[in-house]
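Structure below; questions to follow.
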């Protein structure tokens, strides 16, 4: 099942938080890369002009997705909105069940 | 440049509109397929429980995207919201400019 | 996977629509009952003071749920919002995977 | 009477609050379990991607429900929205007054 | 249990609707008066500058309230929001259970 | 003139504020009781699941009401919304000018 | 007592409504002028780019104001929001009770 | 004085309206061109995916702007929001009063 | 040109801020009085139940208004919304250009 | 491609932040001027009554724009909303591709 996930970064802008974010960044990338390799994180975009992100995720169900997202080191400072995506009729034609993330491109 | 596009279908639910939608459907699919072949329409999902859709589009700029969307037969009945997507730092690492729609999957 | 589904009834209040709703009601109940027997529709409440409803649904994924909801005769006049529900840590303890809709009551 | 209750966890993400939440967690579960045994807390779900919850509660009236919720140790940090649920006509048929939380499943 | 009920009058402003409203008015008052005598409708105010109303209602539970409101002839044209009211600690002191609608005045 | 007043309690949930609220509570009740005796505070309800309140007030005009509300010790921490209430046509019939708060019950 | 009143003109843009508005305009101005002479309508502005208006009104209480506004021929097509205004401390100094609409100028 | 003006096109999507829009288009362009020559309309953009527009206008005051906008043939079907723009400190430096619309490019 | 200006007072409710507000108050009144004498501040009302204000201002253009408002000592703690007001057709009749703030009273 | 960019200044109003803003101002102007010279920042307005700004920007795509905006020293304290602008049909006539920011003035 595919999900569109908005990740609002609510970490304050003060100096202490800036340092904490730098410390967390390597592990954040590591966990994100692991989610990519597991086929859970399919695409990630930056909301321009912000520190927020939008991701295309795929998971067996939303509880598996919740566990994946809450494993991100930045999770305590993220405000997350999850939107489930149904297969569009036009993409059902392309293949019985299109490979996650690739779609009929 | 990639865009997330919400397409709200505002065609009324009465019988006359239902017939018009059936008439337009083949041409709507034709135009959508042409946009896919042009690399503009990358993915299309159904907002579950509705007749609305969310699409991942790619175009040189937003005026080209506008012209593509306004070529859809259903355009007069669509309320469309376009959100530009910036490349995320984590995906810049994967490749200088990741192929549209595929991402580092 | 469980979902909370809000079903706003947007059928107008004029006389013609009132008659149409009466005509559709028996088939609406039939389809709803079939969804109950399939274990998809678990609970249904009336939003007090309105013609809207809130339902607890369960389905393998959101595309299956979409197909179930769009099979309702009233679907063209329903504005539907679907909210995916993750298993709460407190209910994970009760049983590995609590039976849909019953919960640890 | 049944209620849908949204429980937004507004405790900040700093280290001190994280420790306080860990301290409160055992008592929070104790009180929640007592509310289950009293037939007040029927179901509890996690809003995926967040620390928020949605609960199906049942109580004689909303003042009894208020007292139950305000007995939760986390209450001072919870922003709560309560939505009363009326019995749906389709569930009135199943039984004069369906057992709380079970519904006609 | 007490409820604050907002009743938005969505009947259109055209001539035909104006005549229908005049026809319904006597029966609307009759039903409202019956609800007063049953102790369900306690107070009714006009939202100034509009055709909308706010009422203080009392009922055993919200399903009883729903049935009372849906018995109003204008119900099909009313958009209704129901807000349950809990007894305030300051009014619990006045009397164990203050008579509905009167309060400690 | 009658007013519906929403009083959102914005005092933070930390320990220091909790103690301050306990200190202010006796004087808060004293002032509230004085407003009752002056016929200004007619009814007070708890918004269930919160520390917020809804009150039915009556005052000669809104400046008098403002002065009454700003005399509450908790005023600096209250976010207040005031809604003026016009006499409903159905209550004009009952008595030329219904006694505040009692209505035609 | 002074009020800020927003008057949204919801009359549709079709030809028939345009003619009706022209017919009502003379009487609308007459009634408005009567309200000025009664000291109820103090100032009237156009919301630029629209057919909406904002007015500064003064009335003994909000029920008197409601009756004045509902006497406007355009009332059935107006969506009205009324905001009560309290005397500002800075204007209390100028004069015990500043003349409506003139203020301390 | 400069203004940012959003022009939402609320003309319905039915066939009759489509023909009316085609009829009005030449005159709409004529009036727009006159406003350009008068230095009132400085820039006009299309909100991508819609029939709405955003314009940069300049006028002596907002009443002059209102008269200019209400002279557009499409005015009855436009929902317009006007936002006044103050000169930014950084552009005050460039020139005492930068030529409207050109800015320091 | 006339403007309706909402001034939300966002100064926190703690003791330190309370003292700062008392210190600033005399200068705040001085500056406000200067703006009155300059014909810029025409009227000022208190939003009842709050520390917020609504003002009727008049200035040559919105940049002049911005400079006037930013000269208020409380400016750093004010969240301000400015709404430009166009002359209403009914007030154009009264006098070619009605004196600011007085209107045709 | 042109963009309308809203820059909300979320720096708190306390004394420490005021000093930090003064320190950052020279570099903020330097970076802004560099963006002007690069043809990226076309126009900048002050939202009257606030510390917020609205800018007309032009960039090859939104990732280039994101990098430009995140180079502003105030970026960590800015909440930014980016709106892509399509070329309006009326401005396509003026020139095949109107020079950025100038438009057909």
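Labels for the chains are A, B, C, D, E, F, G, H, I and J, by order of writing; each one numbers its residues from 1.
We take it that a contact is a pair of C-beta atoms (placed from the backbone, for glycine too) under 8 Å apart; a residue touches a chain by one contact, two chains touch by 3 or more.
All figures in this text were calculated on a predicted structure; none of them were measured in a lab.
S.K.: Identify which chain pair among I-J, E-F or B-J reproduces the interface of A-B, meaning that over half of its contact pairs, matched by residue number, are the same.
M.R.: More than half of the contact pairs of A-B reappear in E-F.
S.K.: Return the distance between the CA-based centres of subunit F and subunit G, expressed in whole Å.
M.R.: 28
S.K.: Can you work out the whole-Å distance between the CA centroids of subunit G and subunit I?
M.R.: Subunit G and subunit I have C-alpha centres separated by 21 Å.
S.K.: Using mean CA coordinates as chain centres, what's the subunit E-subunit J distance in Å?
M.R.: 51
S.K.: Mind pulling the subunit I residues that touch 2 or more other chains?
M.R.: Correct list: 46, 48, 62-63, 65-66, 82, 84-87.
S.K.: If two chains touch, include that pair; go through all of them.
M.R.: Pairs flagged as touching, ordered by label: A-B, A-C, A-D, A-J, B-C, B-H, B-J, C-D, C-E, D-E, D-F, E-F, E-G, F-G, F-I, G-H, G-I, H-I, H-J, I-J.
S.K.: Please name which positions on subunit H make contact with subunit B in the complex.
M.R.: 13, 18, 46, 48-50
S.K.: Quick one: in the complex, what on subunit H touches subunit J?
M.R.: It comes out as residues 2, 4, 29, 32, 36, 39, 42-48, 53-54, 56, 83-91, 100-105.
S.K.: Under the stated contact criterion, what part of subunit G meets subunit F in this complex?
M.R.: Against subunit F, subunit G makes touches at 1, 61-63, 65-66, 82, 84-87.
S.K.: Which residues of subunit D touch subunit F in the complex?
M.R.: For this pair, the touching residues of subunit D are 5, 10-11, 62-63, 65-66, 69-70, 76-82.
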